[in-house]
Every structure is written in C-alpha cells, then in structure tokens.
Amino acid sequence: MKEIINCAAYADGRRIADVQLSEVHEVLKAKDKFVWIGLHEPSEAVLSTVQQQFGLHDLAVEDAHNAHQRPKVELYGDSVFVVLRTVEVSKDHRIEFGETHFFVGDNFIVTIRHGDGVSYADVRSRCESTPHLLSKGQGFALYSVMDFIVDHYYPVVQEMEQELQEIEDLIFKGNPNRDTTEQIYQLKRELLEVKRAVSPLIDVCNKLMRLDIKWISEETRPYFRDVYDHVVRINDMIENTRELLNTAMEANFSLISISQNDVSKKFAGWAAIIAVPTMVAGFYGMNFKFMPKSEWEYGFYAVVLLTIAACTLLYLVFKKTGWL
Amino acid sequence: MKEIINCAAYADGRRIADVQLSEVHEVLKAKDKFVWIGLHEPSEAVLSTVQQQFGLHDLAVEDAHNAHQRPKVELYGDSVFVVLRTVEVSKDHRIEFGETHFFVGDNFIVTIRHGDGVSYADVRSRCESTPHLLSKGQGFALYSVMDFIVDHYYPVVQEMEQELQEIEDLIFKGNPNRDTTEQIYQLKRELLEVKRAVSPLIDVCNKLMRLDIKWISEETRPYFRDVYDHVVRINDMIENTRELLNTAMEANFSLISISQNDVSKKFAGWAAIIAVPTMVAGFYGMNFKFMPKSEWEYGFYAVVLLTIAACTLLYLVFKKTGWL
Amino acid sequence: MKEIINCAAYADGRRIADVQLSEVHEVLKAKDKFVWIGLHEPSEAVLSTVQQQFGLHDLAVEDAHNAHQRPKVELYGDSVFVVLRTVEVSKDHRIEFGETHFFVGDNFIVTIRHGDGVSYADVRSRCESTPHLLSKGQGFALYSVMDFIVDHYYPVVQEMEQELQEIEDLIFKGNPNRDTTEQIYQLKRELLEVKRAVSPLIDVCNKLMRLDIKWISEETRPYFRDVYDHVVRINDMIENTRELLNTAMEANFSLISISQNDVSKKFAGWAAIIAVPTMVAGFYGMNFKFMPKSEWEYGFYAVVLLTIAACTLLYLVFKKTGWL
Amino acid sequence: MKEIINCAAYADGRRIADVQLSEVHEVLKAKDKFVWIGLHEPSEAVLSTVQQQFGLHDLAVEDAHNAHQRPKVELYGDSVFVVLRTVEVSKDHRIEFGETHFFVGDNFIVTIRHGDGVSYADVRSRCESTPHLLSKGQGFALYSVMDFIVDHYYPVVQEMEQELQEIEDLIFKGNPNRDTTEQIYQLKRELLEVKRAVSPLIDVCNKLMRLDIKWISEETRPYFRDVYDHVVRINDMIENTRELLNTAMEANFSLISISQNDVSKKFAGWAAIIAVPTMVAGFYGMNFKFMPKSEWEYGFYAVVLLTIAACTLLYLVFKKTGWL
Amino acid sequence: MKEIINCAAYADGRRIADVQLSEVHEVLKAKDKFVWIGLHEPSEAVLSTVQQQFGLHDLAVEDAHNAHQRPKVELYGDSVFVVLRTVEVSKDHRIEFGETHFFVGDNFIVTIRHGDGVSYADVRSRCESTPHLLSKGQGFALYSVMDFIVDHYYPVVQEMEQELQEIEDLIFKGNPNRDTTEQIYQLKRELLEVKRAVSPLIDVCNKLMRLDIKWISEETRPYFRDVYDHVVRINDMIENTRELLNTAMEANFSLISISQNDVSKKFAGWAAIIAVPTMVAGFYGMNFKFMPKSEWEYGFYAVVLLTIAACTLLYLVFKKTGWL
C-alpha cells in the first residue's frame, strides 16, 4: 500500500488540482485554497516532508509517528493536532483498533491513518460531491472524517450488545459453566478497550466545538456538536452494556449457587430413597432365631415388593416437594 | 394515521386559524402570532416542507427523521431543537419507548411525535382553554408538552417500584429460584433503559431554564424549572430503586446460601438418623456363635423397637437444635 | 385539627396582633412589620386566600397543595418557596415522613405543615421569647423552623445506627439466618428514604446562604450556615451507616459460608465415625466358614468394645483438629 | 484538670506577659500584640467570659460548648472559628477521638481542647523558642497547633495499615474463620471513623489558604498549604487502606469457598475409600450356598488383605490427584 | 555514592562551566545563565548550602529532606518546588519506588534524587546534545527529567498488565486455588501503590502547563502538555487493569463455585453407583428360608455380574448427563 493516498488542492469546495507533496507550499501561496493530504502509515521521510511544508511541531510529529496515543486535541499556535482511535468489526467478528491523526492548519488538513481500517477515499469523494458544504473549508473536511470514524463505532457497540444477549441466554436458559464466566470476562475486556477509544472523544469534540480558530467558522460548529452528540450516545450505550454485564455476572453467580443447591437436594433425595432398602435388608440380615415371616415361602418377595413400594412413595413425595 | 395532526396559528393565546403547511410563511408575516404544528412520524417530504418554511438546519432535520436520539437541546441561531424520549406503560404492563422532537423558533413550534404513545391533542386543547397562559407564547406550548411527557414517567417508575416489591416478597417469603434472579436482572435492564431516557432531561431542562432567547420570556422560566424539578424527582426515584435492586440481588444471594446451608443440615440430620438402624442391624448380622438375646423369641422385635426409639430421640434432638 | 394554626403580625421581634387571614394585606401596609402564618394541611380554599393575599405563583401553590415534593428552594421574584421533608421516630419505633413548605416574602412567612409531625407552636413561642433575635425578621423565623426540623433528624439517624449495632451483634454473635438478611435489607431501605429527605437539604441551605434578597440580612446568613452544617453532619452519619451496612451485608455472607463449611465438616466427621462400626459389622457378617474368634463366647462383646474404642479415638482426633 | 491552661500576651513573637482572662481587653488596646489563650473543656462561665472579651458570635460559642462538630472553618466578620478532630492511639492500641476548636481574630487566638488528648503546651513552648516565626502572628500559632494535630494522625493510620497486614496474614496463611471476618469489619468501622475526622480537613485547609483576612499574612499561607499537603497524604493512605480492605474481604471470601471445596473433596475421597470394604463385606455376606473360597480356611484373611490393598491403592491415587 | 552528582552553568543551551556549589551565586550574577545541580540523597549540610545559595523556603527544604511526599508542585514566590515519585521494575521483577524533587527558580534548577533508581546523567547529556532545545532554559531541563521519569512508568504498567494476563490464564485454564487469590490481591496492592505515585501527576502537569512564571516560556508549555498526556495515558492503563482485576477476582470466585459444583456432582454420581452393589448384597444377605436362586451353583456369580452390568450402565448414563 502506498503511503501517500491523496494530495489535492481545493478552492470553493471543489478539487482544483492534484499536487506533489514537495510542491505544496507553492500552491498555498494563493489565498482561499486549502490542501487535503491523505497518508497511510507514512515513513519518517514523508512525515518530515509534511512537517517542513506546514511547519508542524516536533512533539506532534513524533506522536503521529508513534501511533499509540489516546484520543486528544492539541493546539499548536494556529494549527491543531487531533488523535482519534478507529474501531471496526472485522469479518471474523473480532474487534480491530486503529488510529487516525489529523494536522489541520490555516490552509491544510493532513489525515494520517494507521492500521488496516477502511480508507477515507469514500469520505473525500462524498465531500467533493457536496461543494456547498466543503466550501466551509478544512474544518468541514475534518468533521467529515471524524463523523465517518464515529459512525463505525455503532456496529461495534451493537455487536457487543448482541454478545451480551447471547450471554443472557446462556445464563438464564442454559446451565452454568466455565465458558459463560470466561465469555463475560472477555466481553468486559473488549468493552473497556472500546470505552478507552471512545470516551476521551467527548472531551475532544467539546474542545473542537469551542476552539477559537480562524479556519473553524461559526457555521462548522454545529457539525462538531453533531459528532459530540453521537459520541455521547455511543458512550451511554457502552456504559449501559457495562452495567448490565456486571449484573449478568452476579446473576450468573446466583444461578451457579442455586444449581449447586439443586445438586445437593437431588443427591439428598436419592440418598434417602436408597437408604430404605439398605435398612430393610439390614434388618432381615440380623441373626435372630425368630424373625417374622422369615420361614414363609414368599417372605423374600413380599419384603422386596414392600420396599419397592416404599421407595416409589418416597420418590413421589420428593418429586412433589421439589427435592428431586 | 395521518402525518400532520394539527397546524394552527395563535395570537394572544387564542387559536385564530387553521393553516396549510405550505402557507405557513404567509401567516408568519404578521407580528405577535405563532404557528403550532403537530406531526406524527412525518415523511421526508413533509419534513422538508417544514424545513423550508422555517429555515431549519440540515443536521437537526436529519436527526428528526432518524429518531434514535438521546434527549438533548440544541441551539441553531435563534431557534432550538429539543429531543425528548417518551416512556409509557402499555396495557399488558410492558414499558414502551417513543421519541418526541421539537423545533421552536421566533414564531413557531413544531412537535414531531415518533412511536405509538399518547397524542398531544389533549395538551393542545388544555392550552387553548387557558389563553392567559398560552399568551406567554410558544415557550409555554413547549413547556406544556414537556410537562405532559414527564408526567407520564411517574406511572412507569411506580410500576417498577411495584415490581421491586413483588421481588422482595419472592426473596424474603418464597424460596430462592432461578426465576427470581432473572426477574431482578430484567427489572435492572428496564430501569437502565428508563434511566437513559430520563436522566439527560435534567441537563435539557437546565439549559432551557438558562437559554437567553427572545421567545422564552422571564415569565416562562419558572415553568421549565417546574419540569426540571419533576425530572430530578423521577431520577431520584429511579436511582433509589436501582440501589435497592442491587441490595435485593445480594440479599437474594445470601438467602440462596442460607437455604443451601439448610439443605445440608437437613441432609446431615436424616443421614445420622438412618445410620442408627443400619449400624444396629449390621451388628446383629455378625456371624458370632454367641450373641446376646439372639435366641430370645422376641429379640428381633426388641431390637426393632429400641432402634425406633433411638431414632425418635435423635429426631427430637435435631429438631430442637435446628438441624431438621 | 384546624387548618390555620396561627396568624399573627410582628414588629421589632414582638407579636403585636393576631389577624384574620383575609385582612392580612391591611396589616402589611405598615412598614417594618411582618406576618407569620402557620397552616396545617390547608384546604384549597385557604391556600387560594393565602395566594391572593401575598400574590404567590400558581406553580408554587400547586406544589404546596400536592405535598409530594423533594426538598428545594425556588425563587419567584422577591419571594421564596422552600420545601423540607420532616422525619420523626414514632412511638412504636417506626420512621414517619412529613413535609413542610414555606412561602417567605418581603413582609410575610407562611409555614405549611403536612403529616402528623410535631407542631411548630413551640418554635414560635421560643422565637417570641427572644425578640432581639426575631427582630432580624422573617428570615430568622424561617431559620428557627428549619433548625427545629433538622434537629429532629438526629434521633432518627441515631435510631438507625442503633439498629445497625443490633444487626452487627446478630451477625457476629448469633447464627446466620434469613431474618438478619431481611433486617439488613429493611434498614437499607429506610436509610435510603431518609437520605432522600436529608441530602437535597445541603443544596437548599447553600442556596439560602447565598440568596441576595432584601429580607435575608447579612446577620441571618450565619444561621443558615449553622443549619447547613447540621445537615452535612447528618448526611455524613447516614453515608457512614450506609457503607457499614454494605460491609455488614458482606460480612454476613462470609459468615454464612463459614457456617456452611462448619456444617460440612461436622457432617463429614460424624459420617467417618459411623462408618467404622458399619465396616466392622460388615466384615463379621461375611459367610466364611473360618473366621477369627467367631466361635469365641465373648467375640461379639470384644468386637463391640473395640469398635466403640475406635470410634471414641476418632471422635477425639476430629475434635482436636476442628472437624467436629 | 484546670480549664484555663494558659493565657499570655505576645508581641514580636515573644511572650511578654501572663494575663487574667478578665483583663484581656486591657492588654489588647496596645497595637501589635496578640493574646493566646489555651482552654481545656471550659465551663459555660469561662466560655462566656471569652465571648465577651472578644465579641464572639453566639452560634460559634454554642458549637464550642457542644463539641460534637465535624471539622469546619467559619468566618464571622474578621474572626474565624475552626473545628478540628484529634485522633490518637491510646496505650492499649485503641483509637481515641477528641476535638479542638479555635477562635482566631484580629489580636487573639483561643484554643479549646476537648477530650483527654495530648496537651498543646509543647506546641506553645516550641513556638516561643522560634520568635522569628511566631512574630508572623496568631496565624502562625494556629498553624502550629493544626500541624501538631495532623502529625498525630500518622501513627493512627500506620496502626491501621499494620492491622491490615495482620489480617492479610490471617487470610492467606491461616484458615478462614469467624474472627477474621469480624476483624475486617471492625477495621473498616475504625477507618470510616478516622476518615470522617480527617477528610473534611482538606476543605478546611483549602479555605484557610485562600482566606482574605488581615491576620493571615502572605507569609503564613505556605504553612497552611503544608498542613493541607499532609492531610491530603493521610487521606490518600486511608483511601488506599480502605480499598485494600475491601479486596481483602473478597479474597477472604474466595478462600472460604476454596476451603469448603477442599472439605468436600476430602470427604468424598474418604467416603469412596470406606465404600470399598463395605461393598466387599456385603457381597460375602450374601446367603448363597456356593460362594467362591468361602470354605477356604484363609478366605476371610485373604479378603481382608485384598480389601486393605484396594483401599491403600485408592488412597494413593486420591492423594496424587489432590482429592485428599 | 557521592551526594553532588553534577553542578554546571549553562548559557544558550550549552554547558559553559562546572562550578563549586558554594560559588554558585557568583556565576548567577551574569544574566542569561542558569545553573543545573544534580544531587543524590544529599546530607543536611549540602541541602542547607543549596538553600542559602538560592534562598529556598524552609518548608520546601524540609520536605526535600524527608522524602516521603506525594507528587505535588508548590509555588514559593518566583521559584517552584516539584515532587515526583519514580517507579521502576528491578531486575528480579519487583517494583521499586523512589522520589525526585526539583527546585526551579529564575536561574537555577536543582534535582534531588532519592532511592536507587536510574541516574539522570543520561538526560543531562541528551539535553546538552540539543542546545537549540536546552536554550529554552531551565524549564526545558525540568521537562526533560520529568519526561524521563514518566517514560519509566510504561514498563512498570506493562509488567502489571503481563501479570494480569498470567492470572487470567490461571483462572480460566487452571484450577482454582489459594495462590491465584493471593496473586490477585498482591497485584491489586501493587497497582494501588503505583496509582498513588502516578495519578497526582496529572494535577502537577496541569499546574505546570498553566503556571505564569518568567522562566517557563510560551515555547516550553507544549512540552509539559506532552508529559501530561503521557501521565493521563498511563493512568488510564492503570485504571483499566484495576477494573479488569476486579472482574478477574469475581470470575475466579464464580469458577471456584462451579468447581465446587463439579465436585458435588462427581461425588453424588459415584455414591449412586456404589449404592447399587451394596443394596443388592444387602438383599441377598437377608435370612429368609426361601430365596430365589440362592441354591443355584452359579447364583453368586450371576448376581455379581448383573451388579457390575448395572453399575457400568449407571456410569455411562452419568457420564453422558455430565454428572461424572
């Protein structure tokens, strides 16, 4: 995969030219234009070219190279460095994390994508198809990519809600076993990881809504509020799932105990039933000279039958009182 | 069900005319009037007519169409977009959620109802019957519908408090079983869902109380404070029920353990009682040539009787010490 | 019980006249006077007279009539509406809740008591006996009743602390049983209910301390701070009891488990002891032609005695190792 | 013990005279002097003399007399009323609580000690030995006593940390028993009580650091920040111990369950071993005419030996698989 | 190890001279220079020399000597006292804590290292190799050491995350035992201790970012924000591990209970199987004159074989239903 996905100049919301990374500064001399560069896991060389073209701060470039940041927004003079984490469900239902960084300044926006997530080419073409919106400037481009990233959180959270429901079924309809407990634990682990990616975004969006920067026009603010709103909602959904998961864990535990109780009862019941013939047999095994009916031809059968009858009776009584 | 429930112009708190949606802008040219439009799950076409008439923001209209928002209030210039969630108890005691959106501006209020909840026709007619209040303007109309929605939360919360009490009875008076645990879990799930609908409203009301907007007169503020107050109270009730529910879950768990203890004790007690005859019988089953009383005619009966006496004694002792 | 307990005019901290409710406005024409009215569960008629006399807001009067509010303070222009909840221990040690509302304005204070709690006649006469304090105005009267109400919280909280100690004794000295668990649950329920009555008061007092209103002189502020202080302390006590109660619940649970463990051990121990004679008897019950000592006259007795000795030995060993 | 421990006038950080309580106002006429009075559980008479001398507020004096306050700082005009709680470890390792109140004003500081804690005579003489510090005024005297009180919290918290470690040893090295659970509960109780004494101090110090009062010079502020710092650290230690204690409680519970598991396994193992001879004996006790080896002279011995061998084998197998 | 590791003067980001501690004030007369002193567990004598040279506050020096502080930043006039806690993993995988204090003023920075952690000589030489950065002044030197310290937190937290994963393996793949529970407890203890070292740093960095002090230029602020960012991330990782650890503890507990359940079931199953031959044998041990097949030559064998068959059948049934 190439590092530089796209590098184009925009004016009035329309793409006017594709430019070489090293010639970007030439383009920027003209007013009312901005450059939108899309990078994917760029090498140090490319990053340092970008840094020179736009005069980015060492610390931000270092962060962009390392790509193990928590979501944040940092202001360096007039330009802004934004870090988002991308979360996607892969084809085999696993959750995959990536990272996207933005450098946005007076007349440029650079998006740097890390990880194998979905490319932002679609977002770009959708923006290009609505020039009246993109003409709001690079702030709108930033919004578009952020909105795209946040929209990809929904299926992830829904996947986890789905998993929770499967766990509920296992708990309340199945039997308690080791796997359910491990599943709960693993879902919790995932939830916490997704939460770590999502929840700092609330603060990021909040800051972007309030930033007093030339290239964020009053008109673009509602768009960042819209992203904020989505993030808060996703965060709510995660919190909700987390609380339910905790309750599910406790419910699971209760049911394990009840099931243990059931085993004990069943055991006790059968032990009692079996004790009857053992006792009777024991008595008739005593070495007395005179024992009732011991000389009778059908004595053995009578005792066996009576014992079976007694056991059956006990069985029925236990069945009725819930001990079996 | 039709989409446009109502569309009328008001002046001085009195309905002066029913208007066509497409002619609303004509009516609004006159000062001191406002239009109150009631929609129910409107189609995209109707919504876009409304948008054109009042110049609503794209993002808000998109939200109003999607109807999966969390309660919020958003300011777009002079007009406001409010989202509430409705919660009602259906006839078969299930909790049903809906959503209501409001667009309120300089001389209009649009209510958009989603879901099969109660219609707001009653609220409108009640407002019309108190023109001295409705003359406070569209702010009062907004309050009236919000108050109506919030009033419908009470029976829902009371229903859940009722359910909690039934669970308490099951826990403390009945026997622990799987169903109680599941009932607790399901009530928790419901509680969390209702909470998600109610608690963001605190913030919404707070914002409405403080909004510095022409069409919210100083006189209408106490009304929003009143709604705020109700929401806080309902939220308290939910929190309370939640905490009690958590405690109930733990109490349930304790009682399951105690009940397990009781089973073990009972089992142990009966095992001890049954051990007596088995042991006695075993001894008299030994093949010794000389055994006491073994030649005695009533030996068998004597042993049986003595054994029964011993068992009865044990039974009484165990009964007294709480092992049976 | 009559509705209007008291209705008197005060000047310079002294009661100057008893007045008719309907003539209150006459009295108020004179400066430097204020009227103190005490009502008990007033009818709608009385309330509406009061409303007319002092020009109270509809919403506040409606709240005062409903009497299911959470503690709050609301400012309507120059007058204030305060809601407190009263909590008292009844003679049969049950906790009883009531509600008291206040309307305080430029030259009046109205107290409206709901529920069968203690009357405020004592507070009034105590105020009247210290004219130098009551001369601070209706703010001081408000403080006096609030202080009186808050002072009645202490015995309630102490009652609950007492109950907690009884529960501790049951847990650590008694045996685990169903009743202890239920007692913990019920105390938690009570605690939460009292907490709901008390904790919003912190905010109420805070607001009263900061209210910028003519009739709260700089001199009365320390008095509201004093009430604030008491409420914070009571709230601390409740929180403390709640945390201890949670711990008590867990401790109870631990001890139930330990007790279960003890039962199991005891059971196992006795089972082992009883297994010895059963086994011995079994062996001597085998049908071999040649068995040791079986022909010996005292064989039976010897075996019985040896068995008893073995059992006694086992008993002593188990007793020492804590299995019995 | 006498009520008035000390009553002296200071100038330039040096004690210039011992004065009579009733003549204090004479001394105070001179500028740049302050009086430092030390009281111990004063009678109402002494307190009211102090009140008259310095014009203290009724509410504060009432609080000082009752001595059941939570730590707080209250501003009355130019003077300040401070309440601290003292905590000390007594000789028999019990935790003892006391209370100390301060009235500090323009030219005086009064310390009122309740309870049998350590006297502040040492603090006073240490202050007198550093006149360059004490010359900062009564603010420094206040700091000195507060610092002294806070320093006494450390041994208390360390005592509790020590106790926690003993509990850990009991849990992880000993066997679960009722006493460990009770010890955990009692430590939690103590922790909460100490926390209630310490944590409000954070707020108190914070307020003192920010108070805009003549007699707290800019130079004394760092000293109150120092106390603040200690209190925060102690509070951290308490929080830490509390969280560990909660975890210890859960760990204890886990180990009780494991231990129960061990008992069950052991029981099951022995039951299986004992079942072997019982079964064998039973078979040879059957009344068949033809049984293998039953006529053989050593049949009995052979069966006994084989049975013992089988039991030994089972024992070894169970020992290896951890069931015994 | 010597106390004074380094003492050098810097100008324009370059080391210009090594100076004697006692002559530092001479150097400082020249403008645009600053002195960087590195101490390791200094004696009281050295500390007091430093105090005199830079006019440090008594309280700060006392703190620097005691070295049992929580991370904090304190402003004394123009100079600042910073306390950090160092955390490192020793070679035998134990976590070791240390402390580093900073005095930073107009033209000096003093670092005081306590404990056996890594020396800051490397940081110093790295700073000296980038004079264009170090020329930003002592603020940058402070940043460099702080960054170095915070970077050393990562391996510690990763070590703990590693430990958590080992615990997970023990829980979900191994059998529940006492050691797992103790390991969880010990990891929690470590986590809390590390958290206490790390989390107050968030506040420290925040304050440093906002401090309005001459020697922190606008250019150095982003560097402190960078440290802030790292600390927040580490804190997140710790919180995450803590929450997972709590869940792991509960999962462990659930699995202990399930394992107990398994033991009970297995026990019950084997007891039932053994009960069959015992019962059969008992019946054939009865002393009746006429018993079926008792005279038959192969009776004994037939009964034995039938019993074995019955037991095998039971075994298979139990195996299938999961009771064995």
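Read from first to last, the chains carry the letters A, B, C, D and E; within each, the first residue is number 1.
Here is the rule we use: a contact is a pair of C-beta atoms (placed from the backbone, for glycine too) under 8 Å apart; a residue touches a chain by one contact, two chains touch by 3 or more.
The model shown is predicted, which means the values in this text are computed figures rather than measured ones.
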Copy-to-copy rotation for subunit D and subunit E - C-alpha atoms, rounded to a multiple of 5°: 70
Please tell me the distance, in whole Å, between the geometric centres of subunit B and subunit D computed from their C-alpha atoms. 41
Could you state the distance in Å from the CA-based centre of subunit C to that of subunit D? 26
Quick check on subunit A: which residues sit in contact with 2+ other chains? 253, 257, 260, 264, 267, 271, 278, 282, 285-287, 291
Sequence of touching chains round the ring, subunit D onward through subunit E: D, E, A, B, C
With touch defined as at the start, can you tell me which subunit E residues reach subunit A in the complex? 168, 172, 222-223, 225-226, 229, 232-233, 236, 240, 243-244, 247-248, 250-251, 253-255, 257-258, 260-261, 264-265, 267-268, 271-272, 275, 278-279, 282-283, 285-292
What residues on subunit C touch subunit B, complex-wise? 57, 59, 69-70, 72, 74, 76, 176-178, 181-182, 184-185, 188-189, 192-193, 196, 249, 252-253, 256-257, 259-260, 263-264, 266-267, 270-271, 274, 277-278, 281-282, 284-287, 291, 294-300, 303-304
